[in-house]
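Next come the structures, one after another.
Across the two complexes that follow, chain A remains constant while its partner is chain B and subsequently chain C.
Let's look at the complex of A and B:
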């Protein structure tokens, strides 16, 4: 037992070392980075929207008063809503199947989902540009089957953007929905069957309502992400259906109009943060973004 | 019954078909590009008339592609190191600290994840114009660090919250210096968190397009920027070759992550 005693008296100094406060200082490097290179630049940009070219709300009046810009806002909403609806319609059955299928099968699908998610965004968009072009595989096959005589216009329009964006958003709706369906107790559905519910009744009155929070939460996330997308709409969409993120980039890059750029950025920011706040209020932070 | 795969009856096949088609929809375009990168058709005709390595030769013969790839790699490595280090220190503060506004601070650190990247890109571009960081490696690293850090903080705080702090305290009680206890007891225990932080940070930077488009200059551009500018001109199969190389890097990293996860479990 002698070895356990502490002849040097160190024990007395050990205790304060353990209760040593972990404090605010450790978050400082991250905080400085975020404040200087995130908060400050974003606020500066938003400020310019009310200061340039002259102080006032002229930029906002122009942005919200012109049909050209309103059309872009409308198009942004339409594309995002369309992408969300299609993703949800495909994502729900897939998430459902994943939640119950043998793990040998589901692990293959998960590997594909992850690979697709982590493949470079430009690679995925490029693939669709090639597939959907006039002489692309899809048009060629459709013509080969005699379904169409002329190549269909599939890129630089709403069809192209919707396909390309749905392709990117699908994993973001499947993965959280999978988590939600996985947590539903199968006994509830068994009980429904015992009580004489048909499959259809069990689906519409039990499974879908129980999965609804996950569906709404996933849909909100996909919708918000779509609103701010830049690369895919810029490459697969046409000039006729420009989206908000492209407008912001155009104001800044080609028109060098920082006032209007800042104003458009604020509009996107307000819509995004409002929808995220709604998501947080409805579902809490645990569900946000995932699992 | 609806949650029992074997007892779904005909619905089972409907679900399987939808899932199979969706999986094909997700994987085929990637395989298609990989196949075309070996095809001889300049116009990306599928199936290609014959097979060739000429697009890879063109890629490796063009110093601009190689330089862009090297720039991407350099920046991604720097971002990874900084993101894990800053994220680790911040996570200790966030998980173990007791100070007012801790939750608000955590939320602030995660906001770059939800903010539309284009807004940050435009804002940073304006800021960097003023302080002369556009078109510099430092500028790229800072921009990517801002969007990579949230992933680091998420992974590391998660791991740290699952770690029983009394084990670290026990090491200190047994005479280890608090720093030594952290390095030799806590860090190995949360290594899976550190590892996923590193992978996420690397891929975030390596694949990032929007910030990079704004930060890039004619003399300094990352691989995604080079692909972007080339894409705007034409759909040359060299992009297919570059894309396939990117996919291979991604698969390698995913396999590495899976292996490490397995290794850590056993």
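Let's look at the complex of A and C:
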């Protein structure tokens, strides 16, 4: 994670922005690689969406005209928004704690965060399945304690997807937030307290506004990543909570209908790029928290 | 990670896979315990006899087959696919015609032989139940669809394929010989009655996990997975009442690099001995009619080919014809 400059310019030290020098000769191999192995295949798939089975926009009409597919679009947004909100609610206090705790302790917490990121995604998702299922550890413990009589439905539904995805997305919100919060001068909060602000006022009127850029960029990143998520919703969600990526996989692999697959992929791509553009516009490339 | 989907689509477009050199043959199947046995019973024997190395790949992916054939970069030589897909893909020009001068089809169950494919093994969708987890086990499809008599979660195969729609119609009282053409309206109406109680399994290992943990104490399973689960000590009850058969098929994608070796591989894989070994290891039935004689009688009687009393054959021809239409409706219904 690169360091963040403080966009508000009020608090902390503002580092002089490093002047970037682009050397196109050196980036050419990478650009060619991306063009050949990424841009062209994607373009080829998108082209199929207007060519197969007949030339025209039939696939898009079918995709956007069907209540089932619209439901999947809507569900994709609902899940992504929910995951973003929960990640933010959990990530903010953690980032704050990380910023103010002694560095020896915070490096341990960071190690835990990063280790979880490096563990295989499938393994982590299956672990959640074992924990959350009706006969899983959580339900058995709660029933053993007499807190519930019937197992709670924690998996194969929206709850399971939200828990599993939030867990995976947390580092992506904590790291940028940490960068922003660490640069807030603690003296400002002390000053607020001296001037009679309550803790709640200090939080809502000082800390959160100052941390807002980190919150927004982290939230946007989590939201955009969630939109295209596949493994976790496929394993922890039910078919009624299907997300767009699963629909695309079905079109491409099972139904072998690449026209529709391409159309759905384009819709996802357009939404993602729009949000990305919004993020760039609001916060600029230098303020993106290194991602 | 952000564009996982697009990367997956790309991989499909490019048909990225392990490349095979000339002395090799690439065999692709569905992974798990079934492919382990296919390797032991077929591939290792083939290597011993011919000296050709057999590289295992998987899982089978119809998107990849299409991509490879279209891009003329076929890296899979023999692929284990579902029977209805084999019929459809043969017609769509995605497969090589099999050379029956190399493969002896006179001993193969004719139900599973087409110009482009031969059976790999055949299996039944049966009713499985974890006896320790429930007081009573469903015995018929009607029982499995009766949430008043058998409350709780039940598990079914997630993908659009022969099996679940047939089960719904049989449960609703359609006679076995009147199943086709499938009355989809009626089937989905019946499925609606238990939809909230369905947990879908997308692969064999997951079906075993669901049953063993009693997450879903009963459901519809591939018979071989129940045999394997029982062997691990789980008390499984299998009901063969109206078991619904379907078969996997062995095919060669059009333009496969090692076509001749692939024919020989299929000849060996469908031989009586290889099919008998496969059946012993998996609990699925052999498609070579001479295989049962080579098997231990105790094992032979647990296989689907001995459960013909009320057996229902899924109509692969019908499915091949209607695969796309049923699939679209199936997934739309699931997502509702």
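Everything that follows uses one rule, which is that the second predicted complex is superposed on the first by the 259 of 291 C-alpha atoms of A that agree within 3 Å, B and C clash if a C-alpha of one lies under 4 Å from a C-alpha of the other, contacts with A are read in each partner's own complex, and residues count from 1 in each chain.
The working rule: contacts are C-beta pairs under 8 Å (C-beta built on N, C-alpha and C of every residue); 3 or more make two chains touch, one makes a residue touch a chain.
Values in this document were obtained by computation on a predicted structure and should not be read as measured data.
After superposition onto chain A, partners chain B and chain C are found to clash with each other.
Legend: residue contacts after superposition of the two complexes on their common chain; A:24 is shown touching chain B, with no touch to chain C. In the superposed model, A:34 makes contact with chain B only, not with chain C. Legend: residue contacts after superposition of the two complexes on their common chain; A:100 is shown touching chain B, with no touch to chain C. Within the superposed three-chain model, A:78 lies out of touch with both chain B and chain C [touch as defined at top]. Residue contacts after overlaying the shared chain place A:239 against chain C, while chain B stays out of touching range. Of the two partners chain B and chain C, it is B that touches the larger number of chain A residues.
In the superposition on chain A, contact of A:261 is made with both chain B and chain C.
Contact with chain B, but none with chain C, is seen for A:114 once the two complexes are overlaid on the shared chain. By the touch criterion defined above, A:124 reaches chain B but does not reach chain C. In the superposed pair of complexes, A:156 makes contact with chain C only, with no contact to chain B.
Common to the chain B-facing and chain C-facing surfaces of chain A are residues 37-38, 41-42, 44-45, 133, 135-136, 224, 228-231, 245, 248-249, 252-253, 258, 261, 265, 268-269, 272. The touching residues of chain C, counted against chain A in their complex, run 1-6, 8-10, 12-14, 61-64, 66, 153, 158-160, 199-200, 202, 213-215, 324, 327-328, 331-332, 334-336. Put simply, chain A touches chain B in their complex at residues 10, 14, 17-18, 20-27, 29-31, 33-34, 37-42, 44-45, 48, 90, 93-94, 96-102, 108-109, 112-116, 118-124, 126-131, 133, 135-137, 140, 167, 170-171, 181, 184, 186, 189-190, 193, 199, 202-203, 206-207, 224, 227-231, 235, 245, 248-249, 252-253, 258, 261, 265, 268-269, 272-273, 276, 289. Against chain A, in their complex, chain B makes its touches with residues 1-5, 8-9, 11, 14-16, 18-19, 22-23, 25-27, 29-30, 32-33, 36, 43-46, 86-87, 89-90, 92-94, 96-99, 105, 108-109, 111-127, 142-143, 145-146, 149, 153, 169, 172-173, 175, 178, 203, 207, 209-210, 214, 224, 227-228, 231-232, 235, 239-240, 243, 246-247, 250-251, 253-254.
By the touch rule above, chain A contacts chain C in their complex via residues 37-38, 41-42, 44-45, 66, 68, 71-72, 133-136, 156, 224-225, 228-231, 234, 238-240, 242, 244-245, 247-250, 252-258, 261-262, 265, 268-269, 272.
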